[in-house]
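This is the structure, below, for whatever I ask next.
Order as written gives the chain letters A, B, C and D; numbering starts at 1 within each chain.
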Amino acid sequence: MATAAVLGASGYLGGELLRLLSYHPEIDVVAAVSQSQSGKRLGDLSPHLSRFEDLVLTADAGAVSADVAFLAQPAGEAMRVAPGLLERGIRVIDLGADYRIRDAAEYERVYGRAHTDPENLAKAVYGLPELFRSEIAGARLVANPGCYPTATLLALAPLVKRSVLTGPVVVDAKSGTSGAGAAPTSTSHHPEAAGTVWPYGLPVHRHVPEMEGILQRMGPAPPLVFVPHLVPLVRGILCSIYPTARGEFDAATWAGYLSEEYAGSPFVRVGDVPRLPWASGTNRCYLSVGAVGTAPVLFSVLDNLGKGGAAQAIQNANILFGWDERTGLGHSGFGI
Amino acid sequence: MATAAVLGASGYLGGELLRLLSYHPEIDVVAAVSQSQSGKRLGDLSPHLSRFEDLVLTADAGAVSADVAFLAQPAGEAMRVAPGLLERGIRVIDLGADYRIRDAAEYERVYGRAHTDPENLAKAVYGLPELFRSEIAGARLVANPGCYPTATLLALAPLVKRSVLTGPVVVDAKSGTSGAGAAPTSTSHHPEAAGTVWPYGLPVHRHVPEMEGILQRMGPAPPLVFVPHLVPLVRGILCSIYPTARGEFDAATWAGYLSEEYAGSPFVRVGDVPRLPWASGTNRCYLSVGAVGTAPVLFSVLDNLGKGGAAQAIQNANILFGWDERTGLGHSGFGI
Amino acid sequence: MATAAVLGASGYLGGELLRLLSYHPEIDVVAAVSQSQSGKRLGDLSPHLSRFEDLVLTADAGAVSADVAFLAQPAGEAMRVAPGLLERGIRVIDLGADYRIRDAAEYERVYGRAHTDPENLAKAVYGLPELFRSEIAGARLVANPGCYPTATLLALAPLVKRSVLTGPVVVDAKSGTSGAGAAPTSTSHHPEAAGTVWPYGLPVHRHVPEMEGILQRMGPAPPLVFVPHLVPLVRGILCSIYPTARGEFDAATWAGYLSEEYAGSPFVRVGDVPRLPWASGTNRCYLSVGAVGTAPVLFSVLDNLGKGGAAQAIQNANILFGWDERTGLGHSGFGI
Amino acid sequence: MATAAVLGASGYLGGELLRLLSYHPEIDVVAAVSQSQSGKRLGDLSPHLSRFEDLVLTADAGAVSADVAFLAQPAGEAMRVAPGLLERGIRVIDLGADYRIRDAAEYERVYGRAHTDPENLAKAVYGLPELFRSEIAGARLVANPGCYPTATLLALAPLVKRSVLTGPVVVDAKSGTSGAGAAPTSTSHHPEAAGTVWPYGLPVHRHVPEMEGILQRMGPAPPLVFVPHLVPLVRGILCSIYPTARGEFDAATWAGYLSEEYAGSPFVRVGDVPRLPWASGTNRCYLSVGAVGTAPVLFSVLDNLGKGGAAQAIQNANILFGWDERTGLGHSGFGI
C-alpha cells in the first residue's frame, strides 16, 4: 500500500485521477489539493466518485504528506511545488508540461518562461512506460506525457526504431474538448465548439518539440507536421498519421512491427480501425495500420484523460512502486 | 425603405439580426454598435454575412441616426440608451428584458434592480405580433419577447382565450445553448454542456411573471410550472406543455382552436410533432397538440435566435413600418 | 463463484453486461449467445472488453449451461427461451419486457401478442432491488425493469408510500439514443437525431402500465402523464417529474423522505440537481427534489444501460446469490 | 424564368435543392419525383419549406416536363433516366457520380458496374463553376461534383496551375453525417456516430480518381493521399490539406494565389481559418492557407449539402441559363 496526494483536484485531470484511484487496491488518497475548492468535501465537489467522498480539499501543497504526489495543475505550478515535495521524500508524477523537455533552454524557448527548477528537470524521467519502462522504475520525478504525444509516439516509435520512415510525417489530430481543461473560453463555449471542427496551434504546437525530441532518442526521426483539431466530443483523441515509407510499404508488416514492439505492453492494442469509445475511461491505446492507395496511414486512439493523462500517471505509479503495471487499471472501455 | 441600427452587434442576437437583415429588401443597416468590437469591419468579425461587410462597428449608441434601432444588448443597457434614441425620433425594438414587464415595481422585484425609464416602460408594447399586432402597428417602442415566452404563449394563448384550461400548466422547456449568449460560462463550457441535460432557473425563472402576465390579459389564466433545460444543441427550443383540460379533451378540437387563432398568422404552423430543424433560421413557430393517455400535451418549436429573437424583431419592424409582415422573412427552415 | 451466460451478447445491453461483468469478482461468464454474431471471438466483436476476450459467441441458447442467464434479447425472445433455462435449473434475469407485467391478459393488451409462458410469468419477481429486495433474494426468475421505470419509480415510490401525492404526475423523460438499441432506424439516424429533441411514444408508452402497476403496490398511486423524448446524447436519462403535493409542499421534507427510504440502498443518492455523467457506467440513480414556485419537481438521473439495464441486472444477481449487492458494482461515474 | 424538376426529392440533397430553390427568383419547381414518397404533398413531407408546399410528389421521371432537371438520386439512377430527359430537350444537372468520370472504362473500374450511357458521358461537363465556367455555359448535361472533390479541388487547383506543388498531398477530410444520405446504416446510427471520429473509405475512396483526373487537367498534379472521416456533426466539411511545396513556401504568397484565382468567383473566400457554420446553408467555400512549422497547410470549408451539393447545382443552373451566377444564392451562413 502507498499513500497518494492529488494536486489540482478540481480540474479534469485531477478529477480523472481521483476517479481512477477509487479503483486502485494499493493506493490510498490521503490529500486532495485545490486552491479554488479548498474546504469542500470531495463527495460534494464530485458526486460521481465512489470512494474518498469524505476527503476535504486543502489549499496548501506544502503540508502534503504522502508516498507519491500526482500534480495536475496549471502550467508553471509543478516546478514551483515539486522541489519541496521531492525534498520531503515524496515521489512526484507531474501530469503537466514542466518536466517533459529535458533542456531548460529549450523549455524556455517553447513555453516562453524560464524554468525555475533546472536541477530536478535534469533528473526527470519521461513517463511513457511502453518506451521508458526501466528508467521509470527507479525515478523520483516522472514527467507524464500528455494526450497528443502519447498517441503520436506510441504509433511512430516502433517505426522510427526500425528505420522504415523517411520524410516528414503528417499528424492530423482530432481531440475532444476536455483536453483544453475546465476553464471556460470562447473556443470551448458550447455554441462555438459544438458546430465546428477547429484546427489550432499553428504554426507550431507546443508539444511538437517534445515529440520530436523523444523520437530522436528512438532512431532516425522524421520531422512532424502536426495539426490538432478540436472536434465536438468531450473525451477521446484520434490521431490520423500519414508517414512516408522508406522503401516498399506493406500494412501487415508494419502492423507486425507494432505488435512486436508492444508484445509486453498490455495497454497497447494493434488491430482494426479503432473507435474512440473503445478507449473511454481506460489506459488503453488502440493502434491500426492501413493503406491509403499505396501510402501508409496509422490511426491512434486513446482517452485524453486516460492513457493520455490520469490513467498513464497511475501506470507510472505502479511501475515506481514495483507493482504489476496493470494494477487498478483493468478497465474495459465504454464501447459506446 | 428604412434605415436601421443594430446595437449589440457582436452578440448572438445581434449577429442573427444582421444575418436576417441581409435578406431584407426594405431595410438598410447603417450602423452596427458594439462596445467590445468597435472599429472592426463587419465582414471581418462575421465572415458568414453576405451583405453589410464593409460596415465598421462603432461604440457610441448616442451617435446613431436611423429610422429604427434594434437593441440586442446585455440586460439593463436598453433602458439606458432607449430614452435618447426615442427622443431623437428613432423607433426602438428591444430584444432584451427591460421593457417587457409593464410595471416598474414588478420589474424591480423580478430583476433585482430599479427601472430607470419608467416613463417609456409604460408606453412600450409587447412585441408578440400574433397576439398584439394592432398595438404594435402604432408603437414607438416594442419589447420583443424572448424564446421561452414566445414558444409558450403562442401555444397557450388560444386555449386561455377559449377558457378550456384549468389548474397549473407544466412547461418543460428544452433549449439549445445559444440562448445563453456569447459569453463563456462553466454551464456552457462544451465538456459540461455536451454530455448532459441541465435543468435550471429554479425556483422561479425570470420569464414566468412575464408569461403569466400576458396570459392574464388573454383570459382566465393558469399558473405556470415552468422549468427550462439546456440540451446539447446550439439552436432551437422545444417546449413540452402539459395543461389540464377544463372538461373533456380532444386533441383535434384543440388543434382546431390553434389553427383558427393563427389563420391570419403566416409564421405559426399547426400540425404534426415538430422537429427543431424545421424552424432553424426562420421566423416560424410549429405547434402540435397530442394526447398522452387522456391528457393533453402541446409541443411548441422555434429557433431561439429566430422567432424567439431576431426574426420576430424584424417581423415587428415590418408591422411598425406598415409592410407585409412577411417581408424579408420568407425563409425555409434547414430541415436537417 | 458462479457461472453466467449472456444471451443477446451483441446488443447494447448485452455489451454493457459483458463490460460490467468483466469487473465482477464472483461471476465468470462461460457463454455468450448471439444469433447474428455466432462464431466470432468476443475480443474481436468488442475490442473494448478487458476480460472474456477469448470467449466464442454461440447461437444456441438451448446448449447453455450456467448458474445464471442474463437475457438481453429482442422483445418476445425471453419467453421463448426462459422456460428451458429454468427447467435446467438456471436462474434467469431478463432485461427485456416479457416478465415485467404480472398479468398475461394485461401483457397481451400492452404488447399486442399473447404471452407464451404464463406459468413462469406468475412467478417472476420485479427486479427493482430498492423496492423488492427481499422478494428478489429467493427468486428463480427476475424481470429487470428498464430505464424509464427505474428512474421514475425510484423517485415516486417513496412519495406514494407516504401518501403525499394527489392528482396526475407529469413525467417528462429525456433519454440518450442508446436506449433504442443497436438496430439503425430513421429516428436514430445521426442526421435526424443529432439536431432535435424528439418526443415519442404517444398516446401511451408501453412502460406506463408497468409503472402504474408497481406504484399501485406501494400505496394510493397517481396516474402518470409520461412523455419520453430522445435527446442528442448516447447514454443517460433525466426524468423531470412534476407531481402535485397533497397539502403543503416543502422540498427539504420530501428530500428527507427519499433519503430515509434509501438509507440502506447504496446506489440511490439524494442531493443537488444531478448531471448525467455522474451516473455514466454505474449502477447509481441520482435523485433531487426542487421547488418550482410553490410546486414540487423531482429530477432522476441514471445511465439507461447501467442502473437502467445491465448494472441493475448484476445487482439482482448479487442479491440472488446472497452476495453484498455492491459486489462488482463499485464504479465511480465518468464525471464528464 | 425557367421550370425545374427535382428527381430524388425525398433525399437530403433533394430536400436541400427544394429549400434553396424556394428562394430562387427565376426558377419555378414544377415537378418533384420520389419513388418512396410519391403521392405525398411536399408541404407534408417537408414542413420546413416555405414554397412549393402544394406540389404533389410523383414517381415517374418519364413524365417530367421542365427546362431543367436536377438529379439527386441513388448511384446508377441518373444514367438510367438522363438519356430520356436529354432527348426530350431537358437540361440535366446530375448531383450524383454517374457522369463525373469521363471515361466509361475508368467509371466501371471505380464503381464496379458498367456505364449504360457512354454517349452522354462523353458530352457531360464537370460542374465546378470556378474551374469550368465557360464549358458549363453551353452544356446540356452537367456532372455536379460532390462535397469532397469541391472542397479539395478549389484549394488545390490554383496551386497545381501555378506548379508550386511536389510530391503527394495528404487530404484529411472531416465530414458531417448528412453526406452519407438519408438511409439509416450502422455507421450513421446515432449511438455509434455521436461518440467517435470515423475514418473510412480505405484503401481508395471512390472520389480520388475523379479528383486526380481533374487536377491533371490543371497542370502537373500530385497524387492524393485522401482519407475521409465522419465527425459528429450533421452539416459541413473541413478538409485539412497538407501539400509539399516545390521550393520555398510562404503562406501569404499562396493565399495570394488563391485570391487571384478566385477574384471573379464570388462564392470562394480566402482568409482566416474558417468555421463550418460560416458556410452552413450557402454556396460558399472558405479557404485558408497556414504554415505548420515551415510546411504548408490549407483548410477548406463548405456545406456538403450546399456548395458541396445542391447550392452548386443551382449555381450551375444559373450559368446554364445565362443568369448572374449569384441569382438566388445570396445567403449568409448561419454563423453559429
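Keep in mind that, in the parts below, contacts are C-beta pairs under 8 Å (C-beta built on N, C-alpha and C of every residue); 3 or more make two chains touch, one makes a residue touch a chain.
Every value quoted in this text rests on a predicted model; they were computed, and no experiment measured them.
*Asks:* Could you tell me which chain lies farthest from chain D when each chain's centre is the average position of its Cα atoms?
*Replies:* Between chain D and every other chain, the largest centroid distance is to C.
*Asks:* If you tally contacting C-beta pairs, which comes out ahead, A-D or A-B? Let me know.
*Replies:* Looking at A-B and A-D side by side, A-D shows more C-beta contacts.
*Asks:* Take the average of all CA coordinates in chain A, do the same for chain C, and state the distance between these two points in whole angstrom.
*Replies:* Computed value for the inter-centroid distance: 36 Å.
*Asks:* Taking the mean of the CA coordinates per chain, how far is chain A from chain B in Å?
*Replies:* Their C-alpha centroids are separated by 46 Å.
*Asks:* What whole-number Å value describes the gap between the mean CA coordinates of chain A and chain D?
*Replies:* 40
*Asks:* Give me the residue numbers in chain C that touch at least two other chains, ranges are fine.
*Replies:* Correct list: 12, 178, 191, 195, 232-234, 277, 280, 336.
*Asks:* Taking the touch rule as given, give the residues of chain C at its contact with chain A in the complex, in rising order.
*Replies:* So the residues of chain C touching chain A come out as 12, 15-16, 18-19, 22-23, 46-51, 178, 234-235, 269, 271-272, 274, 277-282, 286, 330-336.
*Asks:* Spell out the part of chain A that touches chain B in their complex, as residue ranges.
*Replies:* 12, 176-178, 182, 184-186, 188-191, 193-195, 232-234
*Asks:* Quick one: in the complex, what on chain B touches chain C?
*Replies:* By the definition above, chain B touches chain C via 168, 170, 172, 174, 191-192, 195-200, 202-204, 208, 223, 225-227, 229, 231-233, 236, 238, 240, 242, 273, 275-277, 280, 290-293, 295, 297, 299, 336.
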